[in-house]
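Two complexes are shown next, each including chain A; its partner changes from chain B in the first to chain C in the second.
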Partner chain A sequence: MKFLTFVEIDLRKIFPFLLGMYAIAIAGFQGFFVKLASNLNGQIVQGAAESGTTLEEYLKTIDKISLASIIDSNILPLVVQIFVGLGLILLGFYLWYKEWFGASKRIYTLLSIKGSRFRIFTSKLVVFLLIFVTYYGIVLLNLFISSFLVKFILPEQIIASDLVQNYILHSQFLPFVIPVSGGSLLFNLAFLIMMFSILSVFVLWDRSKRIWGMIGGFIYMGSTVVVFFYLNTLDLYTSEISIVNWAFTLCVLTISTAFSYYLLKKKVSI
Partner chain B sequence: MKFTRIITLSLISALSIGTLIGIAEVNKVPVDRNFEIEDEKGNRDALQSVAFENVIKVDTNKFEKVILTKDDVQFKDTKYDISHGVGEKVLNNKDMYRGMNNASEYENSKFTMIAAFNTHFPYGSNEAYVTIAKKDKKTNQLQKEKISLPGITTNQYIMEENLVEHNDSIYYSMVVQSMSSSVGPTLKIYQIQSNLQLKEVMNVDLSLPGDYTDVSRLVTDGDKLFIILSSQQEKKLMEINLDTNKYVTHTLPELSMDDSYIQMFRVDENHFYLNVDNSMFVIDKNTYKQVNQKVMKPSFISKYDYISVVDQTESHETVYVIYEGYKNYNSDKYVVAYHATTGDILYEGKLPSTENRGVSGYKFVNVNN
Partner chain C sequence: MIELRNVTKKYGKKIILDDVSITFKKGNISCLLGLNGVGKSTTMKSIMGLVPISKGEILIDGEQVSEKNIDKIAFLADIPTYEMNRTVEENLQFADIYFDTFDSEKADRMVEFFKLPKEKKLKELSKGNLARFTIIMGLSQNAPYVLMDEPFSGLDLFSREAFIAALKSDFMIEGQTIIITTHEIEEIEGIADDVILLEEGKVLCTFSKQEALAEGLTIVDKMREIYGGARV
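Take a look at the complex of A and B:
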């Protein structure tokens, strides 16, 4: 079977679930956003009434409203995105386990196909990356929809210009959800590959050694998480922590991919 | 086999990466460099001798310092770390400031010294210690010591810290407040010896009669330390002499008694400046009498739910204050110039908004005139 067929089969299995997650991301974000923007509109009208001037005059005295002033002051829209993102990480487990469970146990077919077994790993990795890059697109789409919707909720002259660009550059919280520059996009992609490799180590170890493999996998996965959080609690400045994070990511990525390769080639048997 | 899903997701992925790079890297919006003070009251010439500083974000990981004067604005490249909220001074001396970004500082021609009590105490860590770091200006040599302080327990927290030199000795002072309401705040003063060890020299009880005593910042002036003690019944100014280890308290003129919270406290050659309940008071250093004949209050108080004092400075009989007013989602920054003796408002102006550009608040900087 060709590589692309592997990818397409994986995508077909998760497609409905994926669409559901993206729909939740869009509906949740826009729902909260509209609510927050309407609250803000109420406050503006109230502020105008209290100031004793007309709304027009009052609007001239206050700051222009940007996406940052709506979303960064109440990050519920972004929280929805974070939960959807966590759900998508779980898909990484599902991509592997779906082959092992069920009546047909498709893994036997996959493992007996001629050619490198590592293709199974790379095809699932490609799916994992596609899921997340699409997710970044969904978050961006949400920002564009919001920058459009806000025009119907708030008075036109109070809305700042270049809403999405400014939000990408100035938001304090958006970098926790999607990459906001070319450099952070590269880092995020490397981090995603690392996460998928760690998940693969867990699954493949569990499937090749059963109980001890499962325990080993938990310890491996847990220790990478612990080391990552430990590194990020050190008293390091932003320029230093980004170097440390790159080093950590590349290291764990290499070890986990190599270990997955070994387990897939040597340990997982039919 | 048809690859419809691969094609769909690849197209969406390419589109999202393209859009992201497009708006975050290629098609950037230049930051708004229009900074101008908006007159509200009085003549702007009153701002002759002050300048304002602020840091703006101009690009990913690129920051500029804004120096704003009454009719001019300048931009200078600078370093800034958003997640720690620190600028050039700290980032150029990372080894010294690491883990103690907001330490109290003392600087003379020979060295810079900083001291900070364990910043995680008492919730994140129960070790009572102070870190002292000293950097020689000539050799750039750094000495850093962690010294544990006996007698400080985890039901206390550190309210104030101060570092000052007097008679070739350095003193580290701190105000410790107990979490149990029956015990008032205590001032502890230590002398720092040449090996960076501490020697306790004073232990002063700061509590006033009444339920609760609040304290202001600890300020230093020559060989003296000053602190304002405030309870619902009275307000006192305590003066501590580092030479004789003696302290006296002075009764302050009638200030607002409704609010025991001292928003700001400063001292210069002739006066004390303090802010209680949005009103500014100038107090003579020798007589402890109020100098300003009229209460100094900004005129925009009623427009906001809450007003805080951000920074204050003084020059040529004029007192300058930066205020920030909060109302609902909105906050505005103002500068107000008062005449120190009459208390009249000489000028009131709105500082340019930092929304979507600024990363730090406004503060006063020295100008050479």
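Take a look at the complex of A and C:
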């Protein structure tokens, strides 16, 4: 129950900001999507006029339009989602960082409650993951809304079937925004946990050793980023890259979580 | 009782607590006195495990203070540690969930006693009311030990009187031990059972009210005697 209270309090804190971010994600995506679909509609009408045939006849000569042919031709709708995603990462980090360095010293209370201090870490982590699972849901919601809106913008006979499903399966760019398979969802979640754990090492080390901790934390964070990019520049097969990324993520996740656990239990000082 | 045995706390090369041994007797109100920067707050935070000590040990009822028995102590910090953007009522609800021994009924009685506006957010409370809220949070946990770090700091006369009244009221549980840090010695004259004087991270002197009275002195007189009358 207490654990859920930790989570609930943090969720309540960020809820208005989250709603704002999600509203931006939906409005931005749909705004660009409607614009792109309308442009495409204009091109079709112009094409029909230039072809000298009726629109009905012209529509029979062109390929079916899918979400991929609209969104992947101009990725601005997805760029909005990426920026919102980056904003959410910063929000999650801010939530954790502010607990230790903000004006409110609620951390005194949290550390004074009977039971494992590690709950503070895990509750923030749960909130961090919830933010992103919801975010993935918002991106999917955007696709569903788009698949609905496109029917009002383009002639129905040229709209492909199973728009959302086909876009998830065939989009070139969507995998940069959300995981599009069970495997990539698992990897994304592990990667998010790893990111959170690395930041925790930075924050908790800082709180344990102040200036030296901060320097150590920066070096630790920086070195994980360098190693990650180095591994991804290696000339490997796709399956090998996947294995390397999983191995890296699990190793860093384990080390960072264990280190955070140690610092939180034994070293932090407020 | 709470015992500090040869506790040393260093920040880098700076020694904040230097081989400090103190016993806080059960059921007493003990005051940890000293000038600013002598290690009073560090002592409190060390007891709570908020600051890891460099050497020594801290025992509560004969056991090391840990995550398992920390609920024996309620800690009132010298800064607000609650949800400032939430109302008094909401904070009390959270406390009821956080602390196993939190007595909501007692908290409600104290809110009425202190005439605190339950619907107001903590950030909207005056300093005096915030201090009252803090003491409500501390005493409603029904912890056998309550640590209060600089509770009188920034309080007006009436708020101080209300604070002291609470320490003498039925809101205290039987045998409750209170440890107060302050450098406002006049305030503790009427409530302190024991006094511990810290200076430069060391225990300069400890004495009880009874010992002072036996010498025909008040606590303040006794301290004047110890400090040579110059510094307090």
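Convention: the second predicted complex is superposed on the first by the 264 of 270 C-alpha atoms of A that agree within 3 Å, B and C clash if a C-alpha of one lies under 4 Å from a C-alpha of the other, contacts with A are read in each partner's own complex, and residues count from 1 in each chain.
One rule holds in what follows: contacts are C-beta pairs under 8 Å (C-beta built on N, C-alpha and C of every residue); 3 or more make two chains touch, one makes a residue touch a chain.
The model shown is predicted, which means the values in this text are computed figures rather than measured ones.
**Student:** Have a look at where A:T5 lands relative to chain B and chain C in the superposition and call it first, second, both or neither.
**Tutor:** In the superposition, A:T5 touches chain B and chain C alike.
**Student:** Tell me which touches more residues of chain A here: chain C or chain B.
**Tutor:** Chain A has more residues touched by B than by the other partner.
**Student:** Just to be sure I read the superposition right, which of the two partners does A:K267 touch: chain B = first, chain C = second, or both, or neither?
**Tutor:** In the superposition, A:K267 touches chain C alone.
**Student:** Give one of first, second, both or neither to describe whether A:G183 is in contact with chain B, with chain C, with both, or with none.
**Tutor:** A:G183 contacts chain B only, not chain C.
**Student:** Which partner chains sit in contact with A:S112 here, chain B, chain C, both or neither? Use first/second/both/neither.
**Tutor:** Only chain C; A:S112 stays clear of chain B.
**Student:** Does the superposition put A:V164 against chain B (first), chain C (second), both, or neither?
**Tutor:** So A:V164 only meets chain B here.
**Student:** Give me the intersection of chain A's contacts with chain B and its contacts with chain C, in residue numbers.
**Tutor:** Of chain A, residues 5 contact chain B in one complex and chain C in the other.
**Student:** Using the touch rule from the top, collect the residues of chain B that touch chain A in their complex.
**Tutor:** 1, 3, 5-6, 9-10, 12-13, 15-17, 19-21, 23-25, 27-29, 57, 59-60, 81-84, 86, 91, 94, 98-99, 303, 327-330, 332, 353, 355-357
**Student:** Applying the document's contact rule, which stretches of chain A touch chain C when the two form their complex?
**Tutor:** Where chain A meets chain C, its residues are 1-2, 5, 9, 13, 104-109, 111-117, 265-270.
**Student:** Which of the residues in chain C end up touching chain A in this complex?
**Tutor:** The contact residues of chain C facing chain A are 45, 48-52, 67-71, 73-75, 77, 79-85, 94, 97-100.
**Student:** Give the list of chain A residues in touch with chain B in this complex.
**Tutor:** 4-5, 7-8, 11-12, 15, 40, 43, 46-47, 51, 62-64, 66, 68-69, 73, 129-131, 133-134, 136-138, 140, 160-162, 164-166, 168-170, 172, 178-185, 235, 237-240
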